[in-house]
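Pasting the structures in now, so scroll down.
Heads up, the next two complexes both have chain A, just with different partners, chain B and then chain C.
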Partner chain A sequence: MIDLIVFLSLLALGYGAGTWAEKRHYRSIAEREGAMIDMPAVTLKSVDIPEHKIRSAQLVYGSAVISVDYFKRILASLRNIFGGNVKSYESLLDRARREALLRMKEMAGDATVIVNVRIETAAIGKQSRRKNIACLEAMAYGTALTVEK
Partner chain B sequence: MIITNIESVPGKTVLEHFGLVSGSTIRAKHIGRDIMASLKNLVGGELKGYTQLLQESRQQAMERMIEEARLMGANAIVNVRFSTSSVAQGAAELYAYGTAVRVE
Partner chain C sequence: MKFTPRQPGINVNVTPTHPLKELAILAGGLLTIVVGVYLALGLAVDLMVPRLSMELEKKLAGAFIGRLVETDPVADTTRSLQALVDRLQDRCAPLPYTITVHVKESDAVNAAALPGGHMVVFTGLLAEMASENELAFVLAHELGHYAHRDHLRGLGRALVLMTASTVLLGADNSINSMIGQGMVLTELSFSRKQETQADEFALETLFCHYGHVTDATSFFSKIPKDGDPGRFGHYFASHPENRRRIGHLEDLARERGYPPGKPLPLPADLVSKSKPS
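This part shows the complex of A and B:
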């Protein structure tokens, strides 16, 4: 009985706090993405800028470790039974990647463009008997080019 | 030291290639952070402690790579890549590698 109460309250906590935090995070991502819209980040290796105009090239990177809440984890493990899209994890990956991209842009400062952007994901979760910390790291890196005005 | 992840340094010509340079670190999370993370894991969201830890380790891996390149007499590293792998329970390896070159 106690177990059930603990389980249900964790579920409620995960759902309530998780949804709230996710909404807040998405709002902040959208806001910062709007502010950074002048700095394009492309996966191309070179852009149409004359070579002699480029003042500096520098490696920039950003990363974020994001974990999923209790409610979504239960949802995903239920999904494991039937198979199909795990919707609850999609937002996790989306948030981690966008956050990593934003941090990379923040590191680039006043650069003109970021070329050859790569995004990498690594699961760094700890696997143990009792608990499984499901979290993953998204990392974005690229070369920031600064063009002289 | 100029570091890029494209094949050249834009605006500069490559004079000499020195070959592969790399650096790695293996880091374990300490227990305090683990406890905090498992609490944070209930509500989800960013695990700032882990982000910081991985960022520091990656910085260290890059510094080792730069040191190796400097010993060869290079002044730039091009085509840098990163990779991460978990080698043991709770430990991760951060690896950075690239090609050391000399530019004018």
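This part shows the complex of A and C:
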């Protein structure tokens, strides 16, 4: 009985806190994406800029680590039984990638363009099997080019 | 190509399903499956019991034996009871079981039929016995449960799980020991019909063995009416169910013309045990 109460409290806490944090994060992401929209980050390896005009080229990267909340984890473990899209984790990955891209752009400062952008994802905290603290990291990196006007 | 910065209007990477809706669907589905399996197990018991071989039943019994061996064996009493059961079984109740009697120290006025032919008699029962016939009736009643394999049905859904785990994982597996440990001997429940059939079996056995059925019902009516029968109320006469059983046995004895006779005294080994005060 105690176990059940603890479980349900954790579930409610996970849902409440998780939803709140996610909404807040998405608001912040949308805001900053709007603000940085003028700095293109592309996956092209090079852009059509004469070499002598490029003032600097610099590695830039951004990474974000986002934790799973209890509610999402339960939802995902139920998904593990039946199979299908793990919808509860989708927003986590989405948030992590977009946050990583934003941080990368932040690092680029006043660069003109970021080329050769790549995004990597890694799960962290998987070492201990029992108390597996499920977090995921997304990392975005690229080359920031500053072009003379 | 001109680069025009713009934000995508929709987020294709996140499914817009509400998480609570997903939880309801998944948890509801799981619950439905669990309930379905539970109900199916209940139905499977009746289908399985007649098909369960004795060998498999002996293996199943492994889960209980461990605890029975631990109980303090009252050697003389056990031997004497075993002899009585053997005599009953020998001529009048030929069952395809080798019945092993275990005596367990307990105030419970009861006896239990466990899988694998392990019959448990509580010392509380022995203390109440006045004649061999009376005791024989109770023992024959338990033999009746074996004859109809009620002891397996009494295990209920646990039996299906144990059988499945024995067949799949062998006799000594963790599922069996878990169920065996969690089970209380006196919790084996029998339906009214099963009890009645076992009573009839006991009455026939008693007549066959002694030639009369005196003291068959004395046990029911002799137990004091005071005191809460509780869950050990299997045989208490104050219980309306037991009045019905007494009536049924007396009717049956009259109907079949079973004569009265002289009850035998208790075997000496049991008498000493039966007077604890």
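Criterion: the second predicted complex is superposed on the first by the 146 of 149 C-alpha atoms of A that agree within 3 Å, B and C clash if a C-alpha of one lies under 4 Å from a C-alpha of the other, contacts with A are read in each partner's own complex, and residues count from 1 in each chain.
In this section, a contact is a pair of C-beta atoms (placed from the backbone, for glycine too) under 8 Å apart; a residue touches a chain by one contact, two chains touch by 3 or more.
Here the structure is a predicted model, which means the values were calculated and not measured.
*Asks:* Is A:Lys72 touching anything from chain B or chain C once the two structures are fitted on A? First, second, both or neither.
*Replies:* It touches chain B and chain C both.
*Asks:* For A:Glu33, select first, second, both or neither according to whether it touches chain B, chain C, the two together, or no partner.
*Replies:* In the superposition, A:Glu33 touches chain C alone.
*Asks:* Under the stated touch criterion, which partner chain does A:Glu90 make contact with: chain B (first), chain C (second), both, or neither?
*Replies:* In the superposed model, A:Glu90 contacts chain C only, not chain B.
*Asks:* For A:Leu59, select first, second, both or neither according to whether it touches chain B, chain C, the two together, or no partner.
*Replies:* first
*Asks:* More residues of chain A are touched by which partner: chain B or chain C?
*Replies:* It is B that touches the greater number of chain A residues.
*Asks:* When the two structures are overlaid on chain A, which partner does A:Phe82 contact: first (chain B), second (chain C), both, or neither?
*Replies:* second
*Asks:* Taking the stated contact definition, name every residue in chain A that is touched by chain B in one complex and by chain C in the other, in rising order.
*Replies:* Common to the two interfaces on chain A: residues 72.
*Asks:* With touch defined as at the start, can you tell me which chain A residues reach chain C in the complex?
*Replies:* Checking each residue of chain A against chain C gives 15, 19, 33-34, 37-38, 40, 42, 71-72, 74-75, 78-79, 81-82, 85, 87-88, 90-91, 93-94.
*Asks:* If you look only at chain B, which of its residues touch chain A in the complex?
*Replies:* Listed in rising order, the residues of chain B that touch chain A are 2-7, 9-11, 29, 34, 37-38, 40-47, 50-51, 54-55, 58, 80-86, 89-90, 92.
*Asks:* Please name which positions on chain C make contact with chain A in the complex.
*Replies:* Contact set of chain C toward chain A: 3, 5-7, 11, 13-15, 17, 19-20, 22-23, 26-27, 29-30.
*Asks:* Residue numbers of chain A touching chain B in their complex, please.
*Replies:* Residues 10, 13-14, 17-18, 21-22, 25, 45-46, 49, 51-55, 57-59, 61, 63-70, 72, 92, 99, 115-116, 118, 120, 122-124, 126-128, 131, 133-135, 137, 139, 141-143, 145.
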